[in-house]
Structure formats: C-alpha cells, structure tokens
Amino acid sequence: MNIFGKMFRVSIYGESHGKEVGIVIDGCPSGQKISDNDFKVDLDRRKSGALGTTTRKEPDIPIIKSGIWNGMSTGSPICIAFENKDVKSKDYSSIKDTPRPGHADFVAFQKSNGFNDYRGGGHFSGRLTAPLVAAGVIAKKIIGKIKVEAKLIEVSGSDDFEKEISKAVKDEDSVGGIIECRISNVPVGLGEPFFDSIESELSHAIFSIPGIKGIEFGAGFDGTKIRGSVFNDEIIDDSGKTDTNNSGGINGGITNGNEIVFRVAVRPTASIKKPLRTIDLQSGKMKKISTEGRHDACIAVRVPVVVEATAAIVLADMIIRKNSR
Amino acid sequence: MNIFGKMFRVSIYGESHGKEVGIVIDGCPSGQKISDNDFKVDLDRRKSGALGTTTRKEPDIPIIKSGIWNGMSTGSPICIAFENKDVKSKDYSSIKDTPRPGHADFVAFQKSNGFNDYRGGGHFSGRLTAPLVAAGVIAKKIIGKIKVEAKLIEVSGSDDFEKEISKAVKDEDSVGGIIECRISNVPVGLGEPFFDSIESELSHAIFSIPGIKGIEFGAGFDGTKIRGSVFNDEIIDDSGKTDTNNSGGINGGITNGNEIVFRVAVRPTASIKKPLRTIDLQSGKMKKISTEGRHDACIAVRVPVVVEATAAIVLADMIIRKNSR
Amino acid sequence: MNIFGKMFRVSIYGESHGKEVGIVIDGCPSGQKISDNDFKVDLDRRKSGALGTTTRKEPDIPIIKSGIWNGMSTGSPICIAFENKDVKSKDYSSIKDTPRPGHADFVAFQKSNGFNDYRGGGHFSGRLTAPLVAAGVIAKKIIGKIKVEAKLIEVSGSDDFEKEISKAVKDEDSVGGIIECRISNVPVGLGEPFFDSIESELSHAIFSIPGIKGIEFGAGFDGTKIRGSVFNDEIIDDSGKTDTNNSGGINGGITNGNEIVFRVAVRPTASIKKPLRTIDLQSGKMKKISTEGRHDACIAVRVPVVVEATAAIVLADMIIRKNSR
Amino acid sequence: MNIFGKMFRVSIYGESHGKEVGIVIDGCPSGQKISDNDFKVDLDRRKSGALGTTTRKEPDIPIIKSGIWNGMSTGSPICIAFENKDVKSKDYSSIKDTPRPGHADFVAFQKSNGFNDYRGGGHFSGRLTAPLVAAGVIAKKIIGKIKVEAKLIEVSGSDDFEKEISKAVKDEDSVGGIIECRISNVPVGLGEPFFDSIESELSHAIFSIPGIKGIEFGAGFDGTKIRGSVFNDEIIDDSGKTDTNNSGGINGGITNGNEIVFRVAVRPTASIKKPLRTIDLQSGKMKKISTEGRHDACIAVRVPVVVEATAAIVLADMIIRKNSR
C-alpha cells in the first residue's frame, strides 16, 4: 500500500503526468522549525542536469498545504505537493499495447485491469521520489544529530563513474551502480524484534525506491566468506563500540551504537533507445521497440539523496517508537 | 514489533529457555486441511543433527492450541506452540556481564534496561524459527500451487559445503553461506506499490530471520555491472514470460509471472569457542571470552527451510491482499 | 493517527484556515467510474445555508489531484483537495490564551506544546468533514448496491427540528440531536472478530466526526430494558432474515444480512455567543468569553451525510477485506 | 482481525471448547513487576458463581508462557494462556443445523463456510474475555496511577439488580444492563486525531466484548437534549479542570485531564431456555429451539472487569503512543 511507518507515517500519491505528486506526513512532532528553503539542497541533489540525466526539467518547488504554521510544525499532518509542469505525454502512447521490457508497464496494466495511467510510468515513475525526498528533509530534522549520508560508490562495476556513463550515453544504453549509506551518531536500541528489525524496516522502505534490486548490511554478501572469528566485531568499550563493523552497526536486528552501513544495488535504467523485443498485446506478435522519451542513462546518480531520505524516514519512525518505551 | 502481515498475520512469542515458543496465525482462511503430520517434513529440515549443527536436541513437536478443528482450519486464529525441553541454562550465566561479540546480548540488555531473558539468546534465539517454520507450513497450503524452494548454494564462498564446515568444526570456528530461493507458478500482480513492493515485503520478513545480512533479487548486485540493454528482460509472450530473468520475476515491485529469485547472505554463526574480546560491564575492563554452549558451526545449513517459510508467509499475505480487489 | 482503514485507507490532512483540506484514498479498486459531478449531491448536503448554519460560505469544489484518469480510478491513490476560500482568521486570535469551553482549544494547545494552528479550530475543525464526504462518495461506489442512509431524527430531544433550532438561534445558543443511519442490502459476513467487529470499525470511524458523543446499534441502550426472549431476533428464513432487528443487523460483531441500524448522539455546537467562563492562561484568572465567529446553531443538521460517508468508508474496507478470503 | 493496538498490542486466540484460550501481549515495556497472583482479583471478578451466572466452573489459572522472567517483564511478548477444563461439548451439537437466535451461530457458519468450531460459541464465546482480563491486569500496571473503575449501574432498566435477575432466572429468561466506567488521574493529551480519537479507540476495543450494543461518553445521548450553554464545561483552572463534565473528559477526541466517563449497554444474554423460532438449515423449515447448556441469566454482572481491562489496554497503548512524541 501507499503508506509507510507506524508512528511517523508517510502516505504518497500522484503520477508522473498527472496534476501533482505529493506526500502526507503524519506523526511529525510539533515544534519542528521548517521553512520552504529547507528542501532546496536535497531536492537539487535529486534533480536532473548532470551527465546522463534526463532533459525533463521540473522546478520541483515544494508546496506546503498543511501542518506547518508560522514556520513550525503543528503536529497535524503535513501535506507537501509538487506540481507536474514539464509534461510531454505524447511520448508514451505506445506503452499501452507494447509493454516496455524492464519496466512496470506489463504488471501495471495487469494489476489495474487496464486502467493504469501509463503516461511516463504513472504512479511507478521515479517522479514520486520528489515527495519522498521532501519527507526525508523533515525526517532528518526529527532524527536530530543522527547523520545519514549516501553516495554512489560504483557505476557499472567501476569507480570511474564519468567514463562509464559517457560510454553508455554514447551507446544509447544505460548503466547501474551501487550506493553506500552510512548513518552515524545512532543511539543503541533502534529496531523492534522479532519482525521489525532495523534491517527489516530499512530494506522495506528502500525497496520502494524504483530500480533497487539488492541491499546488504555491514560485510553483507562478502561477509559469508569469512569465518565467525573474523566476522564477530569485538566490543571495545562499555558504550558498545566495536573495533570492526562487519555487522553494519546492527546485532539481532537492533542498532548497537556503531555506524549503520548498508549498500544498495541500483539496476541500469530500464528506459533505453536500443530496441528490445516485447509482445504487442493487441496482435499477440513479437515486436522490437525503442523507448523514446527523456531518460537518465544512469539513474543511480540521482538516487543517493532518495536513499538518505528513505533511511531518515525509517529512523524517524524508529526513534519515535523507541521514545515511547 | 512481533507481528507481521496485514491480512495473513503472524504473532510470535517465546524465549530459548522459557516454557515454550509459539506463533499465533491470524487470517488463515477456513477450510484448509491441516494435520499434525503436515509439519514434520519442514520441521525436520530445520532440525539440528547434520554436520556442524548443535547438539541441543528438541523434539520440535508442534502443539496446536486453537483454530483447527476436525482437521480443518476454522478461520479463527491458529496458535501453535513448541515446548522447550532440552534446556541447559547454566551455560549462559556469564552473558549478563560480558556480552558476546557478534550476538545481540549487548543491545538486548540496553533495549530492555537489563530485564532481558538472556539465557540462550532469549527472544533473539534461532529457536524462534521453529514456530516460523510451522506457520510457513500453513502458508504453503494457502498459496496452493505456488512453489517455494530454498537451498544453500554457497558456504564460505565455496560450493564444497562439507569441506568448509568440517574445517570450521575442527578449528572451533564458524562459517556463513548464501541461500537461494526460487518461487515458481507465481501469479502476475502480487505486490502493492508504493511501499509494499514484493521486494519490500519479502525483505522485511526475511531480515527477521537471525543472521541474515543481505538480500538481492534477480541479477542483484551483479546486475549493476551490466548494461540496461542486457539487463532488461525481453517479453516473449502475452503471459509476460521473459527470455532472461534479471529482474527476478519482479518489475516495479510487482510480480510479473516469471520465477521470483532471490538470494540471502547468512553470516557465520556468532557463537564460537575461539576466544574474542569484549567488555566486562561490571569492571569496565576488556576480557577475552569463549562462547560455551551447544552451537551450529554453520547455521546457514538449517536456514533454507526458514527462508521458505518466511517467503510463504509473505506470499500468503500478498495473495489474500490481491484477492480482495 | 490521521489514517483509517486496512485495505481501503483514507489519510486526511488540513486545517480550517490553512491552504487546503484534503484526503488521500489508498486502495480504491481500479475501474471505478468517477467524475467531478459525482461529489456535488453529498457535498451540498453537508454545506451550510439551512436554518441555523454558519454564514461561512465555501464553494467546496473537490480538486482531484491523482488516481483518476479518463474518468476512471486507476488503482493508485486518489488525492482530493478543497481550497479554503472564505477565511476570516482575525476572529480567532483570542483562542490562544482563553481556550473556549467545549472546544478542543485547550487540549490542542497542550498536545502540540503550543504549536497548534488554532485558527478556526485548525485540524479539529468540522471543515475536515468535506474531504471525508468526498471519500465517502467514492466509498459508496465501491460498496455498490449496499445503501447507506442517515437522517436527523431528533433535535434537542424533540422532533420539531425547526422550532428547536429557531429558538436556539434566537437565544444565541445551540442544540444537539440524534442521527439514525440505516444500511440495507448488506451481505452476511462483514466484520472480523475478535477486535474488528463491524461495531468496532463503525464506532471507531464515527467517533472521528467532531461532536459525536454516543453510538448505539439496534435496540441499543433501550435494549438493556427488555428480556432476552424479546431481544433475540428470531430467524425466519435460510438467508438469515429475522422478524425483529434488535441486534441492528449484527451478531457476534458480524453482519447477519439484515439492515444495519445505528444511532449517534451529536452534542450541541460548542461555539455559542452566550458568555461562558474559562481560564486566561496568561494571567491564570477566570474570564468570561463569548465565542465570536460564524457558527452553526445545530451542527447535527449537517452531520447525516458525514455519518453516511464515514459508514461507507468502513463498509468499503470491510467488503474488500471480506473479498480477500 | 484478532489483533488490537499500535504500540501495545494484544493478539487473542482460542475457542470455548478447544484446548486453551490465550493472548499474546506485544509491546509491554520491560521492568514491570508481574506475578501470578496479580491476576487473581480481576479474574475472580469475571468468574461465574454469583446469582444468575453459569454453572460452568473454570479454574481460570493464567499460565505465563513467555515474556516474564524473574517476576519482571522482559520487553518480549507475553503469552498468557488458560486451559479449558470444564467442557461439556455434547450440549452444542444441534447448533450446526439450527442457529440460535441472538447468537453468532448463523454468521459464524456463513463466514467460515461451515468450518467454524461451533461448540460453546467457539471463538465467539465470552470465554475469550478471560485472556482479555489477564492482559488488562498488565495494562493496568503500565498506566500506573490512572485508575479505571467500571461497575454495573442498571439491570433491565432498574437499580434493583437482584430482583431483576432473580425474576429472570425464575422465568428461564435473561436480562441486560448498563455499565459505567470512570477513569481518573488521566493526563491531558491522550488521543490522536483525526481517526484515533480516544473515543474511537475505546469504542473500537469495547465493542469487541461480546454483547455490547452501545457506548456513550459524558452526557452521551441525554446530552443531545440540553443546550450548548449548559453542555459546554466551563474551564476553572489552568490544569483544564472543568466544573461540569458533560464531555466525559474528552474534547476533540483528546483527554482534557478530567475524569473519562463512559457507559456501555450490555444486551440480555442470548442463551435462554425459553423456546424461540429459528430455521433448520437442513430442512429449510422453521423450528422452535430452547438453548440448553450452562449460561448466565445476566452476563452484564460479569462484564465490568472486562470493560476495565479493555479500557486499560487502550489507555496503555495511548500512553505509550503519547510518550513517543
């Protein structure tokens, strides 16, 4: 469903080519100082413009509809909306009959019995991450000194991002990447066993971001190759500090006070000009299609701030839940 | 919290050395044929006994307390409990002051303000996976012809499981591994955007299993190294069948009818005899401790059936949610 | 929290004197025909204008922001907003220090640590019932032939509504009333024991409406005065039809196929010109205040359609939940 | 569903004539002192034995399965079970074909497609209130000095309880009653608008108790007969104390610090020996049936402690939710 969180809850809505996309934030404590300017830095990080990003240009100006008064959160739901301005819907008319490989077109059509707004991916569009980032800005305020930082660490298996992306742009193809997120100043005790481990909550939210196909904490998949005697992080002081951090700051699903570290795999952008085979649902025949429109050659470039926002939303919820005990 | 699911919900309870561990299953449709024998195969797969597994021997006999009558589910909550029989609590007395590296001892103590039942890991124990497997047996019935199969594909980075485990046992150390889960006969349309993608739900539940540190779907992390033109799975018939399956049977968070494929990273067992450093919370001094007790050298050997059960629980919930539309 | 429902969920936001009030409807099945005109009848019923209602005149034009395309629901969240136009905020400045008796001013201030938007009652305003009615219009479509009808049956203990309200207007006072809601064509089996009885769900939602202080089903409070032999509704055919309906169409928390009947008590409007004592929070001294502004002498007149909408929202959720089994 | 609460959650299971009834309490803060003896007083209040109560005698000994160790709550789920001992299942065999008027037999059969355990009402039995009372005992500890007291104030419209019940017993009939619950030492600010008003939460939980048909807060239904100038409770000090309490301690769905007062209507017991008409589902013919078995002539006598427990469960959840901000 389109709602996430237990005590700090976000409810998202909108489509790529509809009137607006937005988010309702329920459970934001009152008395948080929030101004329109607060959103700019993170929204700009998400914006296109860099090498290999789409030419769709949205002003991305957050419109606060409720919940903030005199520059402070009131404790009532905060609705933040973004109008869709730079919409060219004609590009998408063929999606209806020939679902694009790698996209949600086919499943969206099936799930909605054919009533989905397929323009620009509709509700599945990366456009929805704009309100997510806005909610993340508020979440970051709530978590206070806990610092969430995500950055791209690998593109197409390489650390020469520019080269890989340039090649992909030239080839009218796309590339994926890996993002690492580090969260510091984390209190001990976030996470609620058995089913709401901090990994459970973070992964749940992170996999909402379009294009994510994997997540690993601490040593992750490579950690399966080392022995327990090496993996176990020795505890070196009574605050729980450990000398290594193979567990990624989490034991038994609960934060141990060390840095939370996780990495996510972002698949190569699905929209590419290179023609691929799909089925024509009208004729039932195979057809080769090229995805027209304005797209990112490496969506991973724009995802770090979305990962941060999503992680901050989870942490805000977990902090509020922890406070309650 | 200790409850998972929206329409098919499980509520878990119990500690390693308490009276019993159990699970309450809410939302099981009436009219499911369920007998005591149905649980045996999966519970046996979870049991210890194989090379490198613990010598703690629990009969693991499920006791059905409610919700099943005349061999059929009634639609009311099903409570299934397992008594703890082979308990040797004396082994654990030192946990209190010297939290074991790699374990949840430190965080459990902090989170509970010192009131946690630390014997055998208490509520954090792998023992809780017995009721989870039992709930999985019921979930598998609900999902009908959808087939969930998980198996160990790698131990300590190698495919010679026996050799790696033998070496670890000999060295009084432990090893981790990777489990792959494949789910076939999946209907199109499971998964509820934006926040309840099928990856979100599966990862949420899977990360509840003790010792899991990573999950990836389809091509996963390796998928970040290939181009979009290769990653995109071409659609080859009007049922949505694709020629490759890099997306792991999921587009836009929704099942596309192809096999769901995911892999999970299981860390090396935390309990090892090899001495490691920790802090003595009484004296504040560093201390080397060896984890006594009866443990698995490679817990990953016993986890596949737990992964299956957990995935089946998620699918049962998603199927019921889908049916409702 | 500001979200209600499990499978058909509404998320409400906005304040009386803010930019807009609105609602996000999550879980509306795709393929529902919905046009702007559909909202008019119910929104008009809620409007002021009748004897004893406020002179605040809002156009109450629903703006659909998402989830509806080509006149049909897409299955994605539907956001419907109402702009606040006829706002006269200066009337409310004194609320801050002298909480109005009978209003939420005092508790809103306390709960928000003084950060609440108190203008016109802020988030507590009856203005929020406009989006609720809009969501009810959509819910009514989903429940199909189930018919929900609420009407005022008593004002100030009398059935001469006009007389009672006229007197109250003349006296610059206010009156309350009782609304009866009848729901027909109800399928057998709505309601989910133990905790989600149909009474539980209906009462939960109904008590969200400002000013409701009681609810009773079937014979209700008067039913405590008759014997079981009279109260028990005899079953007269195999569809479950009963000759009487003291249970209000509900047994064991589940609909029995007969008409659901419930009544709600609406308190007299809190805002009255007649001066009442309160505390001046600045000086700590008692003070008499008269509530200025534009108010309803009998809010109960406008509530029936809100009761209908709320009941329809509950039924839509319960129908979808029932379908899932 | 069979789970209630957001942060303090109870999950109930069991049937009247099954192995046991029980409850899992999730979210109980650690460090609560809880002993077996703590349950006795409230469980005894719920027990039969008084005039007009059933002759079924259950020892009602709570068995704590988890979550309490060394006499203290650990923070992990607390499972409390009650074995069913005094079961005479033969009494109920006819229910299957001839649903008892006033009972849930018909709807339970329909909802479960005929798979319900109908013995003694199965999962719909008042027997389920035993675990509810046990959970209430724990909830009362959590809410500390908040005092919840419910008592019977009316039987069959009269205050001569004994006389009314005696007459009913003699006539092999049953009577209902009204219970009043008063909650004192309530902090200002419990309740979470818009949808989780304190009335919403209390009524939701209270209507789970079998036989409840109405609830009213403060002046309730009678409050609709007085003018706003009388209804409005004047505020007489800066703690929010009011001189009258027509609002029942609640404004805008939030506690105002005054006593919470509500009354619930308990219908006359459905099980009576007096023959009533029903349908024989096999033959489709009308039939007169007398409800055999051991029943209460006035179940309302045993309900006050159940109302208290239920209210305490709600308050515990609301307190924990409030603490989190």
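Lettered A, B, C and D in written order, each chain numbered from 1.
Everything below uses one rule, namely that a residue touches a chain if its C-beta (ideal position, glycine included) is under 8 Å from a C-beta of that chain, and two chains touch if they have at least 3 such contacts.
These numbers were taken from a predicted model, which means no experiment stands behind them.
Asks: Pick the pair with more C-beta contacts: A-D or B-D?
Replies: Most contacts of the two pairs: B-D.
Asks: Counting only C-alpha atoms to place each centre, which chain is farthest from chain A?
Replies: Greatest centre separation from chain A goes to chain D.
Asks: Just how far, in Å, is the C-alpha centre of chain D from the one of chain B?
Replies: So the centroids are 36 Å from each other.
Asks: Using mean C-alpha positions as chain centres, tell me how far chain C is from chain D in Å, no decimals.
Replies: Measuring from centre to centre gives 25 Å for this pair.
Asks: With centres defined as the mean C-alpha position, give me the chain A-chain D separation in Å.
Replies: Roughly 44 Å, centre to centre.
Asks: Enumerate the residues of chain D that touch no fewer than two other chains.
Replies: If we look for residues of chain D contacting two or more partner chains, we find 1-3, 6-7, 12, 30, 75-76, 111, 123, 193.
Asks: If we count contacts the way the header does, which residues on chain D are in touch with chain A in the complex?
Replies: 6-7, 29-30, 75-76, 193, 320-325
Asks: Show which residues of chain D lie in contact with chain B when the two form their complex.
Replies: Its residues touching chain B are 1-3, 7, 9, 11-15, 18-22, 24, 26-27, 30-31, 63-67, 69, 72-79, 81, 111-113, 115-117, 122-123.
Asks: Show me the residue ranges of chain A that touch chain B in the complex, using the header's touch definition.
Replies: Touch residues, chain A against chain B: 1-4, 6, 12, 99, 101-104, 106-108, 110-111, 121, 123-124, 128, 154-157, 168, 171, 173-178, 188-189, 191-197, 199-201, 203-205, 207-208, 210, 212-221, 223-229, 231-238, 240, 242-243, 246-248, 251-256, 265-272, 274, 276-279, 281, 284, 286, 300.
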